[in-house]
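Notes follow the structure.
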Amino acid sequence: MRISARNQIKGTVIEVTKGATTSHVRVDIGNGTIVTSSITNEAVDDLGIKAKGQVTVVIKASDVMIAVD
Amino acid sequence: MRISARNQIKGTVIEVTKGATTSHVRVDIGNGTIVTSSITNEAVDDLGIKAKGQVTVVIKASDVMIAVD
Amino acid sequence: MRISARNQIKGTVIEVTKGATTSHVRVDIGNGTIVTSSITNEAVDDLGIKAKGQVTVVIKASDVMIAVD
Amino acid sequence: MRISARNQIKGTVIEVTKGATTSHVRVDIGNGTIVTSSITNEAVDDLGIKAKGQVTVVIKASDVMIAVD
Amino acid sequence: MRISARNQIKGTVIEVTKGATTSHVRVDIGNGTIVTSSITNEAVDDLGIKAKGQVTVVIKASDVMIAVD
Amino acid sequence: MRISARNQIKGTVIEVTKGATTSHVRVDIGNGTIVTSSITNEAVDDLGIKAKGQVTVVIKASDVMIAVD
């Protein structure tokens, strides 16, 4: 499956924190950069997301903001 | 200003493509990774976003998805 | 690729309207329901999205609202 | 009230799962398709959302992605 | 129709700027505050949104960030 | 830091409700209007967000919908 979302970055899961319905997944995308994702617990279970797993971080372009100093 | 969005990654603008109301900004965040952002033309003008500018890409954790092969 | 987004619905593209930077894609998901998607022109070209194409509509659960009468 | 969000699909709630602050609501929109929504507990209480209730799923076009095989 | 989105603020449209596919609508919500919305041209036409019109700005809680100085 | 998000409204925190992973923050932006934000617990801790604190509510234009009666 290929998806329209313009941002797809490979990385390694470093931590999954499960809440009551929502999990936070932290992914090391290399170069010292960690990306945090907030997804459903159901997605974590369904995709078998766990620490050390290889994943792709996916972000729609319209959800990316730009800041300047 | 510090913002709640968990993902804030520094990079260099490589291209700004302006549409009628919406611009696409491509940012090199290092390690060979390009992030594409879709923001208003007004924001591009207001912040003076242009090629070679140093910026920070900002993404809310709830807008980040995870994919597996 | 499998993605964390909880909503993935198969359908047929009925129309692609390209703007300066942003396209609107209308997808028939069956049962008389049309879903409208706003994505980058780049994604439309990259994925070869066009009328009559078979696609999957993908929506993150946190982007779905509920209304009642 | 009529809203700008392009996607408004009628359905029947099949399950509400409440977390500490966030609920997941599953809605049958017909044709065998289930849509999952992640909203605040407060919204669930305020609108009286519960299993078997008739609701409308509402999604902004800019939150809809397209995938191809 | 009542919707799960927690933020619904009444205001007056002060300007509609139409692009090729996407419009920007500026709404005065009182107290000197202007809110900018980016929606489809189709929504603008369908709802008859125009300057001086009374509208409600609707924002899902998961799309609101918090910043501190 | 200045950010591309078009909507930045100053206010005072009136309540922080922490869940297992996700917090809800209610902000009084004046004129009798309360804005609700759903962010990570981590962000609440990191930015020291608490009742009576002065904050800025930040919302991307593409996340703002318009409704009419």
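First chain written, first letter: the chains are A, B, C, D, E and F, and each begins at residue 1.
Definition applied: contacts are C-beta pairs under 8 Å (C-beta built on N, C-alpha and C of every residue); 3 or more make two chains touch, one makes a residue touch a chain.
Everything numeric here is computed off the predicted structure, so don't read it as measured data.
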Ask   = Can you tell me the least number of steps between subunit A and subunit E, where a step is a move to a chain it touches?
value = 2
Request  = Considering only mean CA positions as chain centres, point out the chain farthest from subunit D.
outcome  = B
Request  = Kindly point out which of B-E, A-C or E-F repeats the B-C interface, defined as over half of the contact pairs being the same residue numbers.
outcome  = B-E
Same-site or different-site touching of subunit B by its copy subunit F, using the half cut = same
Task = Could you tell me which chain lies farthest from subunit E when each chain's centre is the average position of its Cα atoms?
result = A
Request  = Return the distance between the CA-based centres of subunit D and subunit E, expressed in whole Å.
outcome  = 21
Inquiry  = Using Cα averages as centroids, what's the distance between subunit B and subunit D in whole Å?
reply    = 29
Query = Roughly how many whole angstrom separate the Cα centroids of subunit C and subunit D?
reply = 17
Inquiry  = From the mean C-alpha coordinate of subunit C to that of subunit E, what's the distance rounded to whole Å?
reply    = 23
Key: Interface hub residues of subunit D, defined as touching at least two other chains   = 1-6, 19-20, 22, 24, 36-40, 42-43, 47, 49, 56, 58, 60-63, 65-69
Remark   = Listed in rising order, subunit D residues that touch subunit C in their complex are 3, 5-9, 24-25, 27, 29-31, 33, 35-39, 43, 47-49, 53-69
Note = The answer for subunit F against subunit D in the complex is residues 17-20, 22-24, 36, 38, 62-63, 65-69
Footprint of subunit D on subunit E - complex, ascending = 1-6, 37-40, 42-44, 46-47, 49, 56, 58, 60-62
Key: Complex contact set, residues of subunit D against subunit F   = 1-5, 19-22, 40, 42, 60, 62
